[in-house]
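Contents: one structure, followed by commentary.
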């Protein structure tokens, strides 16, 4: 296996093109992002991942699209994934995240990663109230 | 050093009590959670952490309190911190997170952790559009 | 301490050269990879790490070499280590990993990282059957 | 939202029962594991997750089922997920993992987590050969 | 929100300049590092983070400054944060970390990440002696 | 494979007993900790891990034993490994870590985990000075 390469629309199989078309239509974009061009190397994973992301991120649920994108971003930062931080900062901005909102998300990411570890280090037992 | 033990209000120094009092007043609760009783072993860390958490999670910013709590929860799940998942599920619920909202947060946590790794494994380069 | 620099064979001490020679002979390669040139800054760590890797990855055990390399790759992706993903994709390919096998490994990496977090978020207790 | 509780078959909605039935049939088990009983709190996530896991872990691909399960286990250990380590040790054993194979998987998990960090700490650049 | 950009002293608000001045005075440096120029996008986070870092890393406590910096470095390596590894290698060197000390820190980082996972994989219960 | 069980001295093979004896002699303890009793299920991993830990944690290098133990602890907290936090808090205490030193270690763990993520979220580029 060589290093994975992106598969562009013009070189894609019909089943990959069908997913690309659905992404472009759903998101109203002229081309798909790199993640989809790389996942296209495995059409089953491309289709499964897109179908799942589309369902999870669909508007009309209990959370606003911008809230969903900011949660996605916060996790991507915690996982230290450079591509994901870039792509979900972009997506969250498109969904309405302002500079101020970004700043608050980052502040929470920082605090949560700090207190998560303090709790582990001090071996804090779970409060009875949280178990109900 | 023995295993850390919680410090209760009646055994706390004046400076620790002052922080406990501020937590109880700010959050309108009769007692502080275990995390604060354990951090009280290091009064400087107790005070610094509470001051920071209070500032970051304060209402009146760009994000709703329930949104902030759900982001905190999503990170705690990603970090696999049992205490933090329990305490921030509790806090988010108190701030208004419904079962449906919790389900959506978890769905995003799952997808983000999945796609974060797919991107790393396929070595996907950052799209030029995300760098602007 | 300045930024770590690679140590090449011609500049290496006899003890480092001995490890480099063993790597080259064992793996039938003309030169060692960058990881070994950097670990050579600490000859004890170079020797200990190589000895351990050689023992763990040796053929003749219960697992095929390609299976071992794919497990190494899956962990490297989960840890988000760019160098390690590149080097273990390369090593796994050399050991026989095809594009199809790579795709299946990545699909599992994605799912495992997703379900690992769902379990944490929903606070799922361990089934009694798993404890036996 | 209260602490998540498991949903048993007798209390489940028809759509949840349909997923439970498919799990029981596919895996030839009398009852589903706890993870599915908890995910049943969000029927959409239950269905999406099961459909994806079923597809990814299906026999007949390029990797043996026991190899797939061992990769799933290695990731679960790296993510420090207690439930997942227990459930995937169980699943891998059922698929044929012996004590010796388990020992080799753990040895690789240990080495990979060690070398992944050494590479980061020594700031090792990617070899040109890995980029092809 | 566009991609975050650094804010230099000449373009900074008075409150950001005050923090920059305090960093430069405390550390006796002519300019602040990139982290502070980026955090300056959110003056509250800049001030809170600097105040906390300054307090935690202050000399005069129970640990030597170089020990503190090496601990910071070990965590940054474990978290796979490239910027942080670079900046804290630099800071630790300035505080007196030699090549030999760096090598020992990395050796511990490697071993700890290895044994942390072995313990999880073998599901080792906590010794009674550790609970006292 | 059933759930891993500890192997006690009286049930151990000669090669496992030899490692146990060396641990007991080196550490001047009457019995080995649980980690070694579980690793004894794979004598090769037991021996390799103990040999490596013994070498890395040996006194007489550039770092004091208590500093080494505190670094080990800081990583264990960051990795959220309950067993490891308990065992390395115990070991560090035995090596001389006081309550005050523990508090400072935890404070650094918290800050490092916070700033590691802020750097990732703000996409901070590495300062030129750190690359030398």
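Going by the order they are written in, the chains are A, B, C, D, E and F; count residues from 1 in each one.
Rule of thumb we're sticking to: a residue touches a chain if its C-beta (ideal position, glycine included) is under 8 Å from a C-beta of that chain, and two chains touch if they have at least 3 such contacts.
This is a predicted model, so every value here is computed, not measured.
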Longest centre-to-centre distance from chain D, chain (CA-based)
E
Name the pair in B-F, D-E or D-F that forms the same interface as B-C; by residue number, over half of the contact pairs must coincide.
D-E
Measuring centre to centre with CA averages, how many angstrom lie between chain B and chain D?
27
Could you state the distance in Å from the CA-based centre of chain A to that of chain D?
21
Can you list the residues of chain D that touch 2 or more other chains?
2-4, 41, 44-45, 48-49, 52, 56, 78-82, 86, 89, 98, 101, 103, 105-107, 109-111, 113-116, 118, 120, 122-123, 130-131
Across the complex, what residues on chain E touch chain A?
1-4, 41-42, 44-45, 48-49, 79-81
For a test of understanding, state which residues of chain D touch chain A in their complex under the given definition.
2-3, 44, 48, 52, 55-56, 130-132
Footprint of chain E on chain A - complex, ascending:
80, 86, 89, 92-93, 97-99, 101-103, 106-107, 110
Please output the residues of chain A touching chain F within their complex, sorted ascending.
73, 77-78, 80, 82, 85-86, 89, 105-106, 109-111, 113-118, 120-123
Touching residues (chain side chain C, partner chain D) in the complex:
3-4, 33-35, 38-39, 41, 45, 49, 52-53, 56-57, 61-63, 67-68, 70-72, 74-76, 78-79, 81-84, 86-87, 89-90, 98, 100-101, 103-105, 107-116, 118-120, 122-127, 129-131
